[in-house]
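First, the structure itself, so that you have it in front of you.
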Amino acid sequence: MNDKSKNSRRSFLDKSLKLGLLGIVGGVVVSKLVDANAQEGEKVKVLTQDGKLVEVDSTAINKVSHGSHAIDYKVREGYQGRKFVMVIDLAKCKNALKCVDSCNKAHHINTPNAWLKVYKMQDSKLSSPYWLPSLCNHCDHPPCVTVCPVDATFKRRDGIVLIDNERCIGCRFCMAACPYSVRVFNWGDPNQPEIDSEHQYTADHGGLPSQVGTVDKCDFCPHQIEKEELPHCVTACPTGVYYFGDIYEDTVSNGDETLKLSKLLKDKAGYRLLEGLGTSPSVYYLPPVDRLVDFHDADFNFEQVKFKASSNTETK
Amino acid sequence: MKTPQKIKSFVYSLLLMAIILNPFNSNAQEDKQSLSVTLTYHKIVGGESFLKVTTSFKGKNGWEEAGKVPFEIYNLEGDEILLGKGKTDIHGKTKFIFPKGIIMNENNVALRITNHPTYEDTEESIYFKDVKLTAELTLDDEVKQIKALLVDSQNNPIADEGLIVRVKRLVKGLNVGDGTYYTDEAGEISVLIEEDYNSFDGNLIFEVVLEEHDEYGTVSALMNADFGISGTDLSSFDRRTMWSPTNKTPKFFLIFPNLILLGILIVFMYLIINLVRISKN
Amino acid sequence: MSDYNKIINDLAPKKFNKLGIIWITVLSIVSIAGIIAYIDQIIRGMEVTNLRDYALWGIYISNFVFFVATSFVGALTAAILRLTHKNWRTPLVRIAEIVAVACIAMAGVTIILDMGRPDRLYNLFLHPRLQSPITWDVLIIMVYLTFSILLLYIPSIPDFAILKKHYHDKPFLRKLYGILAINWKGTEKQIRIHQKSIQVLAVTMIPLALQLQTIDAWLFSTTYRVGWDSTNFGPYFIAGAFVAGTGALVTTVFMVREFYKLHDYITEKHFDKMGRLLVFACLVYLYFNINEYLIPAFKSTLGEVDHLEEMFFGKFAWMFWIVVFGGLILPTILLMFKKMRKPLPMFIIAVVVVVTSWGKRYVIVTPSMLHPFLPIQGVPESWYHYIPSLHEWLITSATLTLALLIITFLIRFIPVIPIQRTIDERGITKPTNDQNL
């Protein structure tokens, strides 16, 4: 098992090295991706998940139909050469809650502890109220992972923070440590009759199934990325609030438009939540300027929604 | 006379019950659900040609994914030939890759679902023409340019057709320049790459795409380039950090607590040995 | 009867009388009710508690902190008093050590009660992460429990030898004390090794006890939560443990004294000394409390204001003020008067101190949970608050009664006042006719 993965990695490295060399030797070249003359049984170059070229037997391609992981993918390590990032444009959020619905559906959340919540916010009395979608920030310095005693929650190479629900002992220290309150706990039975009992659990598809007595949270949808699709909240949003992408590619997409991350953050003054804590989140927010919709005055009571404060806000 | 009849009717009702409760009862055609199949044709120049298949059914909450539906693909052009079989995944999606050399100038292909226990027999056909798209990327004194040519199967240029030029990205591509460029009389476009593009290892894949064309489907040509701006590895995965797993514990946290534990162990052993010495005295 | 035999007769563990049996029965009933509640919690999951995603730690954790705190003084006073050779300590240290063992054992149990998946406890040893304060906590609790048991056992060895002789006509007790006495004859060499061991143990106990409290405090102060995010927390917890532990010690000493009629051995002088110790502990703790509340109030950052307002004037106010006044200020003032340092008033004050110490942990744990950085929204209304459920009360009560049961049974078999030391200190020699036994 181990040998095999080692081998495949080595040959993978060889190939990328060769390709790299080819590129250098070629210098100014016209390169075509796929060898047009490839015949049955011959080697064909194909593109892997992480945007690299690998040579595989051309007959193998026909067998692989949909959604295969990159060759050296490991759940606890994640995608090589990827680092996922999200941008949430607060100006566009109108609390349609389609993101919450689709997230709940996709992750089989049938209890009140949704992973994605939309908060009513107001930073100060005279500033304007706005909606703030909140999900796991997949921090680069994750305080939740730091305090986990059993290595159940972990930080992957691609930036995603996941939970191994078969390892978690339910001490909830990670929940206490998370300053964004994004972690939820399965207090009782997760109530997921729709899940096939024979389904094989993997940590990169949270909620499938959830387990009583363990912690859950937003998983940044690696199962969607694997299918070359955007996370559920991104595709569900009717106003394109969410952008998702890879920080190495400097690109984010909300499905309708694909933008350069650095330019977007520069132009719209992107920021991160509670930056001062040094958690270094992977989720950026664009300030709620020129909002698509406004609150009606009657809906809003500043005392209930202070940002960075903490009164027990009652949603009416 | 009466008793046998009673028995007979009893047996009949038992049989009826069995038929009603039969788990295979859903075989009965009238109980089956109707299925919706969407087919789109895709071609990667020099690579595979395939159909994207989506199966869904009208459920309680609108259209729902019809997972794991087996189907057969037939070529309807000329003699009807079975091209292959496939099955959608749990989300009701799959790619059916055409065997090499099958795609003709004009194609008429049908997908058939028959004898499925829960879905009605369904047929969905698609008509598409083959098209030739060639694209090349040239680098000349810092000028990067993509040229593409769109011709039909008889090599007649196709003019005024929108081609999308983009860099392949995680999910959706990032447009190069305006994104869409219309072919001229000669069926050509030429696009200057003026912006810088990032990637982890500096490798980029540009693509020229004829997208969702009524006749030609989606056709894309890919080009490899190595002039992307590579980034530094931002991941702390290989380092010993506070959030690393057990095997990458920072050295301080390995040494310091274990030293304390060792000290405690020494005291403990000392006390136990003393107890033994007391008892041996 | 010689003085020697009188002392042994007075101090040897005795069978429970009627009152003792009633006491044990009551404790057992509560414990069994709690165990049943816990089994239900395992079957149905932690939804039987009123803990939810915001109030995610509640009385299980505050109870855990209480036990850890209470276990502190037991060992620390014992260790310090041993090291400083204060002779008045003799009748108190054994009780302190018994309290320590019972409390730290129950602390270990309590933390398991709060776990969502106690069936996966082994993961703590299969995949331990040394960066996690919980791992440190698990380690220190195990170490502290081991050393507390040793601190209780090793000094008792000579007493076990005496009891072995004393119960020579009772086979079970003779055998039990025979094993525990590990061949103790009181030879010079044995005494030398014994003294040395106790010395080393006492010295080790002090850093361990400080570590235990500090790590316990770090469980909270390593998070960003308002009210926990404090560099003051380690010493704050140590001071608090000093108060809780001394209170528990006074309470237990008084009850043991009354139960076993040990007025000759535990005198008013001892209560006077313990009273002074409690005043000192309360003053130190008060000092840390002022730090812990005054400085955030002075700065009044948005989060702190909300937290403190709720604590001073809001729904936790009644508890907070009872804890501060009833548990710290009032005892300090009262115990300044010599009259109040008599056994009965001391006992009443100590009970109040112990109860408010428990409340103090609740006030530390819960309000902070309900003041996260982002607002509490999008969850059922009942999740905004936290009032422990019946299950939580039953289980928590059971942990307390189980601790009392452990103390009771330890007292049943271990002499609460060191016999050998009392004999030595009073300069009584063994009657020669006993020599042959």
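Labels for the chains are A, B and C, by order of writing; each one numbers its residues from 1.
Note that a contact is a pair of C-beta atoms (placed from the backbone, for glycine too) under 8 Å apart; a residue touches a chain by one contact, two chains touch by 3 or more.
The model shown is predicted, which means the values in this text are computed figures rather than measured ones.
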| item | value |
| --- | --- |
| Furthest chain, CA centroid comparison against subunit B | C |
| Between A-C and B-C, the pair joined by more C-beta contacts | A-C |
| Chain nearest the overall Cα centroid | A |
| Subunit A and subunit B: spacing of chain centres that average the CA atoms, whole Å | 17 |
| Geometric centre distance via CA averages, subunit C-subunit B, whole Å | 60 |
| Cα-centroid distance, subunit A relative to subunit C, in whole angstrom | 46 |
| Junction residues of subunit C, two or more chains touched | 127-129, 131 |
| Subunit B residues counted as touching two or more neighbouring chains | 242-246 |
| Multi-chain contact sites of subunit A, meaning residues that touch two or more partners | 146, 151 |
| Subunit A-facing residues of subunit C, complex | 44-47, 49, 51-54, 56-57, 114-118, 120-121, 123-124, 126-129, 131-135, 138, 219, 222-226, 302-303, 305-307, 369-381, 383-385 |
| Contact footprint of subunit B on subunit C as seen in their complex | 127-131, 136, 139, 143, 146-147, 150, 154, 157, 182-185, 187, 189-190, 193-194, 196-197, 200-201, 204, 208, 211 |
| Complex contact set, residues of subunit B against subunit C | 242-246, 249-250, 253-254, 257, 260-261, 264, 267-268, 270-271, 274-275, 277-281 |
| Sites on subunit A touched by subunit C in the complex | 100, 112-114, 117-121, 132, 134, 143, 146-152, 167-173, 175-177, 179-181, 183-189, 211-215, 273-274, 277, 304-315 |
| Residue numbers on subunit A that touch subunit B, as the complex places them | 16, 20, 23-24, 28-36, 39-40, 44, 46-47, 50-53, 61-62, 65-67, 76-77, 81-84, 140-142, 145-146, 151, 154-159, 225, 227-230, 244-251, 253, 255, 258-260 |
